[in-house]
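Dropping a structure here in structure tokens format, bear with me for questions.
Chain lettering (A, B, C and D) follows the sequence in which the chains are written, and residue indices restart at 1 in each chain.
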Amino acid sequence: MKIDRRNMLRNMFALAAVLTFPRFLFAARPDTAFAATSADKAIADLLGDGTPADSSAIQMKIPDIAENGAVVPVTVSTELENVESISIVVDNNPTPLAASFDMGPKLLATVSVRIKMGQSSPVRAIVKAGGKLYSTTKEVKVTIGGCGG
Amino acid sequence: MNRSISFLSLFVLGFGVGTVAHADPEADRLALVNYYQQRYPNVDLQEYANGLYAFDEVAREQWIEMEDFPPYEIGMEEGEEYFNTPFANGKGYADCFENGGIGIRQNFPYFDATLGEVVTLELAINQCRETNGEEPLPYLDGELVAVSAYMAYTSRGSTTNVNIPTQDPRALQAYESGKEFYYARRGQLNFACASCHAQSAGLSLRADRLSAALGQTTHWPVYRSSWGEIGSLHKRFRECNVQVRARPFEAQSLEYRNLEYFLTYMSNGLQLNGPASRR
Amino acid sequence: MGKPIKIRAKLKGDIAEVKALMPHDMESGLRRNPETDELVPAHYITVVNVEHNGEAIMQAYWGPAVSKNPYVAFSIKNAAVGDVIKISWTDNQDDSSETEATLK
Amino acid sequence: MRLFFLILIVIFFAACGGAPDEESVAAVAPPQEVSETPTVSTERSTSYEVAYADALAAIQRATAKGHAWTTSDQLIKDAAEAAQNGDSALAISLADEARIHADLASIQADREALTWRDNVITQ
């Protein structure tokens, strides 16, 4: 293979780009994890084996009693370093994996989203940081409205 | 028997006419204000414009979170576009309303002396369309409600100020009909609007906190999470009627317009804060 | 082409707080049409991408359990006035949308 | 079973309506005559045609008073469907039930016309 100057330059630029943004490469959507009907399988499909360790370094803000199961606001934040992803799993939903965020290094480790809950359920926030899994869980009650439907 | 019938009709007639002649909307409103202030001394009057969130801390937090980026903005912005798109004849909504339709939500509903009926904003929007040769739009949701949402938005912060021309007995009759609608039990469940929203406001019905009769009109149209879109006050009237298993009236029927007239009067003095999001 | 995304970004120091609302039905595929009683086909956003000045900074994968008209909020470090934030989505029916916002 | 259901509805209605016994229903009886509200008959109709026509008339009376119930609307629809499917026994039961609901709705309307003011917050 002949290395001319132009190719050389191009390679140097490519290398520089990789060095500047070293970690953030996107994967494809983990479709099997989203299709999984149990929380444990969804988590295993999404993040690989290994039970997430309970961590007090994750804060999940979610109501104890959801006003409407169709719109439950969730915010997950963490002080953990080198956060790679934040995922939200609703155990009792038909397919428990609700959302997963691949977090680039330029983001603060916090994300908010509104999710649907079919019924009362534990909700887990799972953070992958430095190659390890951490989680926190909260029980959320979904009530049947008398008027609001 | 005959005597009892005539006695009864006399009674009904006398009762009906007498009360309309002596109907005192302001006394009704003050009674409600007084009632709630005694019952919930810690709830500021203006807070009633926020419905059940005046009472329910848990729900309120979620609502405030929703307000971070409220989903009604989607419909409201569509409404602004519709509002500014001219009709086929080159005119537009702005030509039908005072001040080009901006900041005038608080003037509705009003009693139209010529028509002899209560006119709501939604009715006026369709009147505007028909005057300009456009098809009237459905009243429950969609384009008309979006226009209404935009117009409500331009009126935020104005004060509800329904003015009932008390010298016009027809206006008082309309008010009184609306009041009767609110307080009469209906449907298989035998509930009046008031059964839930007057004496029971702030209490729970199954999992729901009930909003008060005060402030029920300030914030329409509303994006209800259960609807997944913005809808009109009359859509909610219909839904409430169906929930007690009463056959609902058509949106913008005389019955519902009179109800809106009464109910909006009860909110006089409260700030307009529509459109809004609710559970 | 899906509806445009509504983006609101606020600069606090050098942190950009970004909030976005995406008009989308997010049909789960489990809901029945109340009139016909037929299942409404699943139609939901599957992937969301965020770029900051052309650089990918986040990718979200969603299922049908994200609420109708999805809302998402996140914060970008080392942001400045004039920076461009681009958010885009694709859904399970290969529809897509993208919108840019400039930090002020 | 259906009769039991009916009785339950009547009891529920009475309990919620503040019309706890027959006496208080009787108390609003005169306006029923004025406005031709029938008393509620739980007798079974002899034919579907009669049952249906009576139910329809009862629903129209309740509608005219602005107090129709969704339950009678649904029941009469179900009755027509049963009749179409050739189940005339069921069709008669459903139509009778629709009529009873509609008659109760009319009684409610008459009672409320006289008593709604009792619910108004006045102080």
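Assume a residue touches a chain if its C-beta (ideal position, glycine included) is under 8 Å from a C-beta of that chain, and two chains touch if they have at least 3 such contacts.
Note that the structure is a prediction, hence the values are computed from the model and not measured.
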Between B-C and A-C, the pair with more C-beta contacts: A-C
Where chain A and chain C are represented by their mean Cα positions, the distance between them in whole Å: 15
Distance from chain D to chain A - Cα centre to Cα centre, in angstrom: 56
Centre-of-Cα separation between chain D and chain C, whole angstrom: 52
Whole-Å gap separating chain B and chain C, where each centre is the average of the chain's CA atoms: 34
Set of chain A residues in contact with two or more other chains: 70-73, 114
Two or more partner chains touched - positions in chain B: 225, 228
Residues of chain C touching at least two other chains: 19, 67-68, 71, 73
Pairs of chains satisfying the touch condition: A-B, A-C, B-C, B-D
Interfacial residue positions of chain A with respect to chain B in the complex: 63-68, 70-73, 114, 143-149
Of all residues in chain D, those that touch chain B in their complex: 9, 12-13, 16-17, 30-31, 33-34, 63, 66-71, 73, 101, 104-105, 108-109, 112-114, 116-117, 119-123
Complex interface listing, chain C residues touching chain A: 15, 19, 26, 28, 30, 46-47, 49, 52, 55-68, 70-78
Chain B - residues contacting chain A, complex: 58-59, 61-63, 65-66, 196, 204-208, 210, 224-226, 228, 239-240, 243, 278-279
Chain C contact footprint on chain B (complex, rising order): 68-69, 71, 73-74, 77, 225, 228
